[in-house]
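Chain nomenclature is as follows: A, B and C, assigned in order of appearance, with residue numbering initiated at 1 for each chain independently.
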């Protein structure tokens, strides 16, 4: 049994302009101790997917269908049609969040509360989930700060976020995520907001932690370079859907989807032959308000066929781990339902 | 932070000097002699002016006046013949007790209504609270006081409308005075609270699995309350100037009523003395609020 | 039959014509900023109500005295404290003066004071705040400290003292309101200018060689116009309130001239016997200030691009 099983998850947001389909029929699993990378451009639904998983969607967001199973427990956020169901779900999630399942956020500048001491922000989660005294929580927090590489943690404990540098704050956020020895950590672009030199340190830290603790990690990023060194498996998202999924090797060496292909061509890699040019993907990400009837990547795809505009592509499996949703690999009339 | 507080105190002192100077020269510019009255002869006025030093050159009078004020002497009422210090001493208990109660009522109810407005899901309640906030901000306090007197005092005979002798006497003046500040505070709290609710650190707090109450108080309210504390300075100023009419309308023997009487009697020295006193009270209140703020918001320590 | 169907189906795998790729996306119709703002304003019922009431009072102030058969100071001992009737639409006061006529004159004073002082405060505030924010450095510090010092004492104290020196008339009320009244505007403008100054388009204009004064008054103020208009709409009710307060305390408009504040004060003594006399001026003050605030909020929401 997988640690996390997500099936057919669909999330929508009601806005003034209409309904935004941020997540469309997404399914994937995470095994215990595994590192899964989810890659996509901004607006591809990767962050929304994680917030849906954690039950932290903004009030205008709604999960219209799908199931989530975590560590043997059903935590599906769909069909919460009565107040009691919503409360039950919220209580269940509260017990899990920051405990068995925690999150590392993107921007260390805004995710720490500016008017609370670091120590309070570190211990409050521990105090909420474990039966321990304030002194014990404090001890644990200092331990965690040491673990994530913060010098003189005892003095730092009494300081406010603005007295920390960006990299140090991100370390604090990681330490908070680690506080209760979670089984799953979701890292939402943990290095995007940092300087390049600090990015490498933080990635190194996350790698070390996953190795030491055996925690499963979902790594969300728009940077294939980040996932290459860190992840066991990679899922590529586009327009609220997973378009290709496989092991790191399969994605890097046997990629199928034109979008993955484009992503690979556009990464800057020092090992790459310098004569090989960087090729950006033309066009802009799709407007989730007006998604096309067919494939969302159609408008930017170099291989668009007539069917791509009319019908969503079907998923083809290449191995136990590798699958891709694209018409190019299943040109079989029997899949066509439109006329 | 000590540097910040010293800076604030210095600004306060300069403000005080400016206030004293402005009031002194404005009052000296006023037409006629302060002793002019129907039964006072011109020679009498001359003697009186000499007695009070009003025949000296203006700059000398100014230096004398500053010297006196710095020694806590605000002068005497030429019309009533008693010292302004004495007037303040008599009026202070009523003004202070009314002011403090009003302030507490405004802050507590304002904050509660503001949070309610920010968090309620009912459109009806939100509409109601928004309408109240606009009404409260719009309604001049003398109008509120008059309406209250008309309805509860005159038509329904439910509540007392003269003086402050029993706790029940406080009800109408306190409502009249706090009606506006409650609206302003609730509006402010609604804005800051809504803003704080949408911050990333609230998502982070939820991701830690904290319960709602804990998040609302420790994470949201603590951030939302800082701009509200800064408003407490102007709020105290508003209550003090508001006391002018409310005390007159409810015949409360306070400093505000004394001030309005002095205005209508053209008792200039009292207007001057009380202006300086009220101004000083407000400057000190602002200073205290600033210092409290610097303790609540750790960021001020660094930026200043 | 089957063959042709099969053939048609496999056509789906032919490359698409590039022109067909994007035709599903219809560009959102773009409207000008002002017409969009007007659309948002129209939807706001409270703001529209505010606008109607304000227009009503403006019409009352302009044409009211013309259609009335009485003057504001005409006393008639035969008709003291009369209740509303066909001759005296809103009744008469304790001197037998027509309340409707006095109310119209009161509207003239209130609206005149409100709009003129707002305009003066606008000009002073924009110039002062604009210079302070644009020049920056020591000039800015000195200018803002000055503002802090004036602001630290409630304006009402200054206004009362000024009224006592200058005497009770409309001109001195205007001066009294305007001496401390521009400060909020100046601060607002300064804040806007400073935040706009840091944005790219100001730099772009500078690089393109626009002279610094042109930058200040064209690019910057035009972009700061939204918040300035909102501040302006709140200055008007503020000034109306101050005028009413002054007249009520007895240093504003004095007899026999009529202002809403002095009418409220006059009828106060008769509160037990003729409460209706108090009702008219209080109602007029409330409605006007209320509507102006609604109007201000509505304009603010409409001009805020975030509300699209």
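Just so it is clear, contacts are C-beta pairs under 8 Å (C-beta built on N, C-alpha and C of every residue); 3 or more make two chains touch, one makes a residue touch a chain.
Just so you know, these numbers come straight off a predicted model, no measurement behind them.
The touch graph of the protein chains shown is complete. Taking the mean of each chain's C-alpha atoms, the chain whose centre lies closest to the overall C-alpha mean is C. The distance from the centre of chain A to the centre of chain B, with each centre set as the mean of the Cα atoms, comes to 53 Å.
Rounded to whole angstrom, the centroid-to-centroid distance between chain A and chain C, based on C-alpha atoms, equals 48 Å. A straight line joining the Cα centres of chain B and chain C is 25 Å long.
Those residues of chain C lying in contact with chain A across their complex are 6, 8-16, 20-22, 24-26, 308.
By the touch criterion stated above, chain C contacts chain B in their complex at residues 46, 145, 148-150, 152-154, 156-158, 160-162, 164-165, 167, 237, 241, 244-245, 248-251, 264, 268, 271-272, 275, 278, 282, 285-286, 289-290, 292-294, 297. Here chain B touches chain C in the complex through residues 11-12, 14-15, 18-19, 22-23, 26-27, 29-31, 134-135, 137-140, 142-143, 146-147, 149-150, 154-155, 237-238, 240-241, 244-245, 248-249, 260, 263-264, 266, 268, 271, 275, 278-279, 282-283, 286, going by the rule given at the top. Chain contact summary for the complex, chain A toward chain B: residues 51, 54, 56, 93-99, 102-103, 105, 107, 110-116, 120, 124-125, 128-129, 160, 162-163, 173, 176. Of all residues in chain A, only 16, 287, 290, 292-293, 298-299, 303-310, 327, 331, 333, 336, 339 touch chain C in the complex they form.
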